[in-house]
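Below is a structure I'd like to ask you about.
Here the chain labels run A, B, C, D and E in written order, and each chain numbers its own residues starting at 1.
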């Protein structure tokens, strides 16, 4: 049967990755994957997906962020419970980290399947840039910061940044790298505002403050893909961005270790924060061809199958949710990540916080980046008050 | 009297009199009642709830509003809209009028000029935003080009400069909207009685003075139409911002419609989005009611 | 009569006679044309950039300047944008979206204009109690941000059972086109002599007959305006098409959005620009072709407030 | 005989504005009634009520004995001709004429017969295939009349049908309408504010002011025996001359003391005592020079302005200190500054009570 | 004396259309000239040329001896009053009057003095603070005149200033303009297509047709001795009656054979032989009954239509087989169908050559 799948994986690496899902799905089950991609994640795709579900014209399956986005759709009975579908797979046994499945489990049902783990926790560094100034590529955040003056002298951007949302992931990375796992858990999981006011967090905020001083709106590029280009060309020295940047770097033909270096958890931490993408399967309206409903189930099972997981994540540059697959083909960066994954996953902001809180956080960060009149103290105070009111 | 029996009952008159007219008005009446009034009430109602992703929340009084006014992004959005709106309104009308006046001078190639000024109106804001973003891109656009050509001091970084970004929006917005305003104004100018012009010439009034003091005040109808069109566009300003600056740098070009949209869809806080929307409606209402009163109430007709 | 010739008379060469001499370059003229040319450049520049960029290769864009003409104009980007640019897995370019846009635009335009014309006609000639109030609310409605109405309209169309179909998007475009079109038609019909309407009523024609046989044949100018406004508006629409029309009907703008907003490695600016120009082509052609009629129609519909 | 049109206690309000207030009017079969009054007095409103184009607020309208108060215009047996012609611009003359018949679903040949007849009566056969835009004003007006004609109605309503035409055409078409009425003998109700049209066309004139009929009578009576000051002043061009003063028995004393004997006046009612009054005399009843000699009242006057109008001359002078116009043949040479004797016969004048403004 | 306005060989083309062709006109100081002609004959065009609102194609214009052909309107010493009033709608009357002066930078008190004087002359003092929208038509027209008045100009140009007004107001304002002229003694050029205005106001009338002046003379001459058929037919309402036939010596033979003696006619030139001719006689020169008895020509006729106009009556009959109108006092009772004797004196009529259409 034909199964429509919506997602917002439209960048080069993402598209290549999702094609693997489609391929495996079609090969294994004989169904047809009707691709319905929508660019522009939050602003572009979300309203369409949500309104189609509540409008009674649901797609067969849809990608969304793992997290609390869909909570209410689930509570409204619009999302299919997958418990029976995967009952025989014993999914609890192979998921990398139980916390990944937490958001999908509501009132005893299983409503979504995380299909990958991706992490913001990456500092990307340009080999070429450091060649230019004749220094070795830094090994951690502190070395990196120390190299900034030299870079600036050479006319190289210390930190490449794209306008808009890419900045919003950076504070979380600094928090886990500089602040450490405990701080992350206290703030994101326990919503502990006092932790925000602690000296540990202050260090994070100060790092952010330092960062904003070396980026200027003038030098910002339109999209994070452009930052990738800057790194390859060596016009910018470093960037903090999620692992999907790697997909784009690969598409552009860059080789890790040679053209760029990657430091998970800023080279400081021992754990990665991670979230991921999940698939949801809306309840189809009455009268739908049972074959389609069956195809939903088959897709669900396919997505978390070892074969699909491997193919998908290699292309996407993210980590699979299964521990039981052979990742020897993975590149050095991914290998590093796998190593850290063994220490367990820290819940990232979009896992633990509601999208409302995330939106507020993002607003605060964007404002802080841009407006120098907001001091570190202001930032901490406002951050604390958002955490205080978070639900 | 014989006739009184043939007078239809009030009820029959109400339903059957001009029946087709009433039937034909159903779409409009339905739209007004269900969509415009209904949705407004819906919006206002749910702005008092804590609805998240779906409009199902509990009543929480003015909580959403309190949060709204404590949010600096919202406050910045409002100020941006006011500033952009004022500048855009004034400049669109002003440039539209100026261009219309120039076009009214019996110039050659009038229709070519007019077509050129009007064509941006045919393009969507998304396209407008993209093109201008491309042109104003500090490295790849006009600035970069000029610097490469040797003018190293040439600076045109408005979309990257928080203090100037509203002007960047303005450039793109004017580019899109001025032509249409010009056409409206030109229509207005051409509608002015020829004899008024003659009278002014005989009186020795300079041409520019005639335009300002005599002709402009006579174009009330056109001005009202233009202000309604431009004004509704300004209040709804969204696509252009998203396409051109996406609210940045920082939050320096955020606008209320974007705030509403973000909180309703990606922020998953419908209550907050609707509270913001309600404030927008309220503002429009405050501006529109006096106008509507003048326009419809003042004449003393039913 | 010659006897009464004034003292200053006589046809000396210096004596003003005949048309006032008009130098070709007056300061006024120079000013007018300079200003117009300046604005013309302002208006044309983006179009120029769009077209020129779409004809360049990527390296040329990266290192060249935006004014420069393409060294070797190539339509590759256009071909790619039209036939093979990707959105997710489908790499069909804009062409399927084009036909979907046609499929949405034609019926939506017809229905929305028809309804607005009937509204305008009813408001002018068949006033009923409160009709002016309805109209005022309608105008007020044109100020409501579309996004606010999205949820309720989804619920509404769902309860009508048309969500995700062509009908839904037609209804939505009719609703949102209604304020401004009704304003135009109302103004236009109000400028027609009332007596025509009365004459037709005395002749026994009813609501529809008068509308179709008397009013419509006289409203060509305003129809042109409405047509142009709606075609371009609906063609350029993104939100309603994507939300209400259903995935089988996604309009061209959705594809455009996917192509340009996809966070691809290195944005292919030339393909983006080609896609942009292609998407804008239909409204542009309409404006270039019917500009004159449009202007005339605006004059007929907008001048009376 | 049953009246052709009968209006009973008709009221019409626009919102709070009472435009017509309990108006009554009976029009006989075949009568030519002219509604005359200044702009805004409610003439068109009344006509539209009769036509059914406005909903009355109160009262009833009968046409040929049938209560049509709530009928549609087309069912009232009326035809209407408008000031702006109101021809359908996109239709040929022939289709303009036949539109109403086609709407009514009349058979083709009957339509053709009627159109041909109307075209013949109005002599517009050569125009049948033209569009209104290609017709002159007079031709358009004829087509507009034709449109009423083909409908074979009992009552014709005209709303200032000639006021968009120039003076010359107006007087030609006036005669044509008069001929048409003589030929068709329909009831015609004709609205105008041109008193010449009213006087020349009407069997009876209804003079309106603020929605109230002031006087309803034949033109001769209206002109010579106006019921009140308003009618007297409204009818006649130039206006009747008014001299205010007081009346005591058979003597009228103007405000400046001039005494005018009014013994010959035909008072409407016996009256006693002195009272304030206004004496009115029409310009053509003021005679000049020799002709004035035999008049009961004579005085010396100086000519102030002379307006030669070709066939006759209008002159302005002062009588009893009040500016007065009179009219005389253009054969009499008159110049500003001339001193002349003028006189008139009160039997041809009018006297009005100064307070009630009604005719004495 | 130097003419006030002198137009020499004036030509004006709109594209290929020659609207005025080598037109000459001299207007004396203080003269009141009326340009009269049908619509489209070029009256407004001529006036606009004089005002400087149109660029002439050829020829010259002198005002007070100064060649103003290339001058700006404001420098020509003219003031102009328009048909549509052309008041600045958003300004009060006072500002309407003073706007031109203020722009010219005139001192405040001089402006006030002039406005006050104009307001006094036109009696619009109470209106000074109103806006045009709140004025009646007549008041607006007065303000429009005032705007010309404050400029203290030598020449007043009027372009159909009264044609938007109703008949009554028109005749009142006509008198006012006449008074104004008598008081100011400016040169006035007045365009109209209303012949009554022309006849009553003008010192001289220029009758135009297709951009050519047909006759330029005082009203009496124009009315009684029209130079050609066109002028004869154009002036006079109702029109002059025309009987076509042939002229041989002292006898005019109508087409139906009726013989009319024309010995008493004052021929412009000696003539011999027979020729086709047209005899014209004005309605008021056709006499009736007893009055007709003494006339050189008499005939029996049947009344066809009677149009009572209050002060007089118009009647239609046939003479020599041709429809003829005549005018008589409303005292004479006339009815359609009456048989009457009518007659006229050819000395008061006109004879035109049928071919050249010129007066014989």
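Here is the rule we go by: a residue touches a chain if its C-beta (ideal position, glycine included) is under 8 Å from a C-beta of that chain, and two chains touch if they have at least 3 such contacts.
Small disclaimer: the values here were computed from a predicted structure and weren't measured.
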> Hey, what chains does subunit A share as contacts with subunit B?
Replying inline: C
> If you count the contact pairs for each chain pair, which pair has the most?
Replying inline: B-C
> Whole-Å distance, subunit D centre to subunit E centre, using C-alpha means?
Replying inline: 26
> When the centre of a chain is set as the mean of its C-alpha atoms, what distance in Å lies between subunit C and subunit D?
Replying inline: 53
> Hey, how far is the Cα centre of subunit A from the one of subunit C, in Å?
Replying inline: 41
>> Report the inter-centroid distance (CA atoms only) between subunit B and subunit E in whole Å.
In response: 55
> Do you know which subunit E residues sit against two or more other chains?
Replying inline: none
>> For subunit C, give me the residues that contact two or more of the other chains.
In response: 150-151, 257, 260
> When you check subunit A against every other chain, which residues touch at least two of them?
Replying inline: 47, 54, 222
> Given the complex with subunit B, which residues does subunit A contribute to the contact?
Replying inline: 41-43, 46-47, 50, 54, 68-73, 76, 163-164, 216-222, 354-356, 358-360, 363, 366-367, 369-371, 389
>> Which stretch or stretches of subunit C touch subunit D in the complex?
In response: 193, 195-196, 198-205, 209, 213-214, 217-218
> Which positions of subunit E touch subunit C when the two form their complex?
Replying inline: 2-3, 6, 8, 24, 26, 55-60, 62, 65-70
> Which of the residues in subunit B come into contact with subunit C in the complex?
Replying inline: 18, 20-22, 24-25, 27-29, 31-32, 34-40, 42-43, 55, 95, 98-99, 102-103, 105, 107, 111, 113-128, 130-132, 134-135, 140-142, 144-145, 148-149, 175, 179, 183-184, 186-188, 190-191, 220-226, 228-229, 231-232, 235-236, 238-239, 256-257, 260-261, 264-265, 270, 273-274, 277, 280-281, 284-285, 288, 292, 295-296, 301-302
>> Which residues of subunit C touch subunit E once you look at their complex with the stated criterion?
In response: 1, 4-9, 15-21
